[in-house]
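For reference, the structure is listed below as C-alpha cells.
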Amino acid sequence: MSTQPIIVSGSPHVHSDRTSKKLMYDVIIALLPAFLVSIYVFGISALIVTSVAITSCILFEYVIQKYLLKTSVTITDGSALLTGILLAFNLPSNLPIWMVIVGGLVAIGIAKLSFGGLGFNIFNPALVGRVFLLVSFPVQMTMWPTAIENNTTVIDAVTGATSLGVIKEGLQYGETMTEISSRIPSTISMLLGFTGGSLGEMPALALLLGGLYLIIRKVISWHIPVVMLTTMAVMTGIFWFLDPQHYANPIIHILSGGAILGAFYMATDLVTSPMTKKGMVIFAIGIGVITVVIRLFGAYPEGVSFAILIMNAFVPLINKYFKPRRFGSKIKAKIV
Amino acid sequence: MLKTFPKGGIHPPENKLTSTKGIKKMPVPKMVYVPISQHIGIPAEIIVNVKDNVEIGQVIAKSGGFVSSNVHSPVAGVVTKLDKVIDTSGYKKQCIVIRTDAKNESNFEDISYSLKKDITMAPKDILQRINDYGIVGLGGATFPSHVKLSLKEGTVLDHLIINGVECEPYLTADHRLMIEKAEEILVGIKILMFALHVDKAIIGIENNKKDAIDIFKKLTKNENGIKVAALQVKYPQGGEKQLVRALLNREVPKNGLPLDVGVIVHNVGTIYAIYQAIQHNKPLTERVVTVTGKQLKNASNYWVKIGTPISDLINEVGGLPEGTRKIVNGGPMMGKAIKNLDVPVTKGTSGILVISEDEASRGEPKNCIRCGECIYVCPMGLEPHLLMNLSEKGMYEKASSEDIMTCIECGSCSYVCPSNRPLLDYIRFGKNIVKKLNSAKN
Amino acid sequence: MTDSIIYSVLLLTSLGIMAAIILYVVSKKFYVYENPLIAEIEDILPAANCGGCGSPGCKAFAEKLVNSEDISVLFCPVGGNAVMKLVSEVLGKEVLEKDPTVAVLRCQGACDVRPKTTEYQGPKSCVISSLIYSGETDCQYGCLGDGDCVAVCKFDAMYMDEATGLPVIISDKCTSCGACVEACPRDIIEMRPKNKRDLKIFVGCLNEDKAGIAKRACEVACIGCSKCLDVCPKDAISIENNLAYIDPAICTLCRKCVEVCPTHSIIETNFPPKKDKKVEPKVEVLVESEKIKTDA
C-alpha cells in the first residue's frame, strides 16, 4: 500500500467534469465567431478595444484582490476575462482607450468585487460598465463607426447612429417608417453584421451560432433567450401591426441593437439570472417588455442593457417566489 | 420512450466493470466480526458469551425491539471476543468476534439448493420468519423488512415493486443476482405476493441490464400479475420514491412512505434472501458484494459471509493496487468511505469500491456561481445551494421550512456542482441538527 | 444666484423642521413603557452578548433578572461574581456566589504523539467531519482539529496551534461562557474551577479504549492504569471505562498524580517548576498560561 494515508470524505465520491472555469471558457468560445466578424467589419480598432477591456478587467481584479481586499486572487477562473470580452462587445470600436479602462474599473471594481466577487454580484458587471459609460459619456458612446458594404471591402470611416437611433430620430422628426427604411441597412446585412453598432452586438448570425453552441453544451438553457426575444417580437409586432408607419417591424427590433447579444450572453449570465426555469421565464418576459417600452417610448433608442439591469435587481425576489416544485408536495389521487 | 422519474437526476459514467463476472464464492474467513447494529433502528442484543460454540445460522444477537433485527452467526465456530470494531459508520461499534472452526464441515460444504417452487407456509408464518431470520433491505438502507411488511389494519396495498434498478455506478451485485437466480427471485416475489395478498408486482430494471430484463421477460411470460419494466438509465432511480414515480406515476407524499400510495418496494437481493429463508430455512448470513475499482486486477462479484473483514475481500481480488487513496463501502454516489480495511462486511454492503488518487481527491471549493444546476438535478425538487447556505449560517428553522428533511442524500447536487461545493456535506449536517431540534420539540 | 441659495437653505430648513416634528410626535405616540431597571441592569452587564447565561444576549438576560423572583440560579459567567454582586445590589435579590471557572482542553493528541492514519477531505468543521467518521487519527474521542471551538469564541480566547493541530485556550481571556463546550462534538472542553493563580490539574484525555488500543492511537492517552488512583490522598480520582477523571471539588492540587502518570496524560498548569528535581532542559516557554507542560 502506498505511504499516503487513505482519504475519507462524505459521499458522493465521484464528480462530474463540469467546472465553472469550463463554463466560462465555453462562453468565450461561443463569442469567437462574433468577434471575428467584428474584426472583419471594424478592423484593428475592434481588436484594440477588446484587448484593452480584457487587460484592464483582469488587471483591476488582480490589483484589487491582492492589494485592496487582500483575498486570494481569482483571475484564472476566466470570469474577469469573460467580463472584459462582454464589456468590449458592448462598446463602440472607436471609443477612446481611457474610457474603456474606466469601464473595466467600474465593471470589476464596483459591480463585481464590491459585492463580494464572483457569485455575489447582483448586476451583470459588463453591463454596469457599459451603462456607466453610456450615462457618463453619451456622445462618445453613441457615435458608432458605420460599416458600409462596398462589394468586398469594408470601410469604417463614417460615424453615425445605429438603425435604432436612425428610427428614433426619424420618428421624432415626423417621418414615416417608409421614409426611414431607406436609411437603415437591409435585413441581410443586419444578419451578417454589416451595420453600425457596438463592437460585438451587430453580427446577429454569428451570435446566434454561438448561442446555439451554449445551449447544446448546456451552459445556458433556452428559456431566457427564446422567451425574451419572443416577448420583444410579440410586443413590437402588436404595435407594428396597429401602426406600421410609426413603429418598426419586429425583425428590425430583434436584429438591431443589443437584443441578440443581450438575450444569449448578457441576460443568461449565470450569477445574475434566476435559478429556476419558471423564474427564468418571468425574468425574460420582464426584460423583453422593459426593452420594448424603452425603445418605443423612452428617450434612449436602445434599452436592452437597462432592461437587463433592472430585471437583475428582481432576481433575488424571483428566486424567492419561484421555487421548484417539491417532490410529493401535492398528493395525487391515491389508488386507481 | 422508456419510463423514468420526471424531475432531476443525473447520468454519471456507469463503469459497470463487473457486469459479466459471475458471482464467485468467497472463501470462508478465519475470523468474522459481526456488528450487532447492521440495520436501521435499535441495535440487537448479544445473547452469546465468550467461548460459546456457535453454529451457522444460530441467533447470536436478538432483535432489540420492533424496528430491529436478529443477527445470526455466519459461520460455525467459537466466540472469541465481544469487542468494539470500526464499522462503516466510521466509529467503533459493538461486534461479536467469531473464530471459524476449521474442522466443522458445515463451514465448507457447498450446498447448491435446488429450486423449490411450492409455497407451503401460511402468510402469517412467512412474515414471522422474515422477522426471525434477520432479513433487512439489502439495497443499502438496511431497513428491517418485517417492519415494511407489517401492514396496519385498513391499509390499501395494490402493487409490489421489485427494485432491480441498481442505479449506482460500478455496482453489479443485484445485476448478477438477477441473472443467476432469476427463478428463485420469481418464487420470492410470489411468496411475498401471497403473504401480502397482492396480485400485481412489477420488476423495475434499468435498461443497461438488458440481459436481466430478457431473462425476466421470458420467465414472466405466463405469469399473471408479474410484469417487467425496463427503465431509462438515470440516477437515483433506485430511490423508492423515484422508482414508484417512474413505474406507476404515483408520487409518494412528502414525509410519507410508498405504502401511502399503495405500494411496497423491495430490492431483488432482499427478495432472494426471503426466498432462501422461506424455502430453504436459511437466515440472512451472506450476501452478494461487488468488489470493484478501475485499478483492481480481478474485480468481481462474490458471495460473502456477513462479518468478513474487507481486507479479506481485497486480498481475494489481488490486493490493493498501487496508488489507492479511497475505499468505499457501497457505490460511489451514496457509499461511505471507510477508515481502514478491518471494517467488516455487513448486511448493507453492496459493494467495495477502490478508488485511486485522481478520482478520490475533491476539487477545491469555489464561490457558488448560481448556475442552478443543483436545483435541476435534485430529484426531490429542493434547492441544495440554499440549504447549504442556511445550514452553514445556522438558520436551521428556515432550512427546515425549505424541506431539508426530505433530502434523500443522493449526492446529485455535489456531483454536478461546477464550483465543487460540498453541498451534501452541509445538507447532511443541517439535517442532523434539524432532526435534533425536531426531537427536542416533541 | 443669491435667490437659489436662499431658496435651498429655506427648503432644507423647513424639511428638517418637518422631519423633527414628525419624529417627536411618533416617539411620543408610540412610546413603550419599559422598566428602567432593565436598562440599568443592562448597563452593568458586560454587553458581550455571548449567550453564556442561557439567554440570547445581555438585554434578554437583564429582562430575565428583573422579572424573575428568584435569581439565584441565574449567573453571568463573563461578568462573574463582581457583576452579579452589583446586580444583586441594584435589584435587592439574592445571588449565588460561584467559583470562577475556565475552559480546559482535555486532549493532548498533538500531531507528533497521535499519528494521522487517514486524511479527511471536506468542509473544515468538526461537526461535519464527525458526522462522516471518527476522525483522522485512530482515537475516536480526541480533538478533531478543525477548530469549531475557535470559530465560536467571541473573546479571542482561543486559537489553533499550527504545530500541534490542537486549539489553545488563553485562560486570562476565557470568560467561561461555554460556547466552545457547546460547539465541540466530542465534549473535549470542560469548565473547571480557576482556583488560585489559575492552578489546575486534570486528565488531558478522554479515550475510553483499552490500554493497548488507546496507547497505539496516541502516546499520551490515559490508559486507565489506576496509578494515579493509588497515589491520590483524597480519593479525588475515579476511573470509569479505562479513563481517569479528577474531581475538581475534591482535588487539593497536590500534584502527586502528575508524577506517576506513565503516559503524561495528567496536565498541571501554572505550577512553578519543582525545585528538588532536575528541570529538563527542553521545558517549554510558558507563553500562554495554558501551554501544556511536558513534565519529565
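Labels for the chains are A, B and C, by order of writing; each one numbers its residues from 1.
Criterion: a contact is a pair of C-beta atoms (placed from the backbone, for glycine too) under 8 Å apart; a residue touches a chain by one contact, two chains touch by 3 or more.
Given the structure is predicted, the values throughout are model-derived calculations rather than measurements.
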Please give the pair of chains with the highest number of C-beta contact pairs. A-B
Chain whose Cα centroid lies at the greatest distance from that of chain B: A
Centroid distance [mean C-alpha coordinates] between chain C and chain A, Å: 53
Cα centroid separation between chain A and chain B, in whole Å? 48
Cα-centroid distance, chain B relative to chain C, in whole angstrom: 43
At least two partner chains per residue is the criterion; list those residues in chain A. 4, 6-10
Scan chain B for residues touching two or more other chains and write them down. 90, 336-337, 339-340, 361-362, 422, 425, 428
Interface hub residues of chain C, defined as touching at least two other chains: 117-118, 121-122, 128, 131-133
Under the stated contact criterion, what part of chain B meets chain A in this complex? 7, 10, 12-13, 90, 156, 158, 169, 241, 245, 250-256, 260-262, 320, 322-328, 330, 332-340, 353, 355, 359-363, 366-373, 375, 378-383, 385, 403, 406, 409, 411, 414-416, 418-420, 422, 424-425, 428
State the interface residues of chain A toward chain B in the complex, per the touch definition above. 1-2, 4, 6-16, 18-20, 22-23, 74, 77, 117-120, 270-271, 273-276, 323-332, 334-335
Give every residue of chain B touching chain C within the complex, in rising order. 84, 86, 89-92, 336-337, 339-340, 361-362, 365, 422, 425-426, 428-429, 432
Chain B partner contacts - residues on chain C that touch it in the complex: 117-118, 121-123, 125, 127-128, 131-134, 140, 209
In the complex, the residues of chain A that touch chain C are 4-10
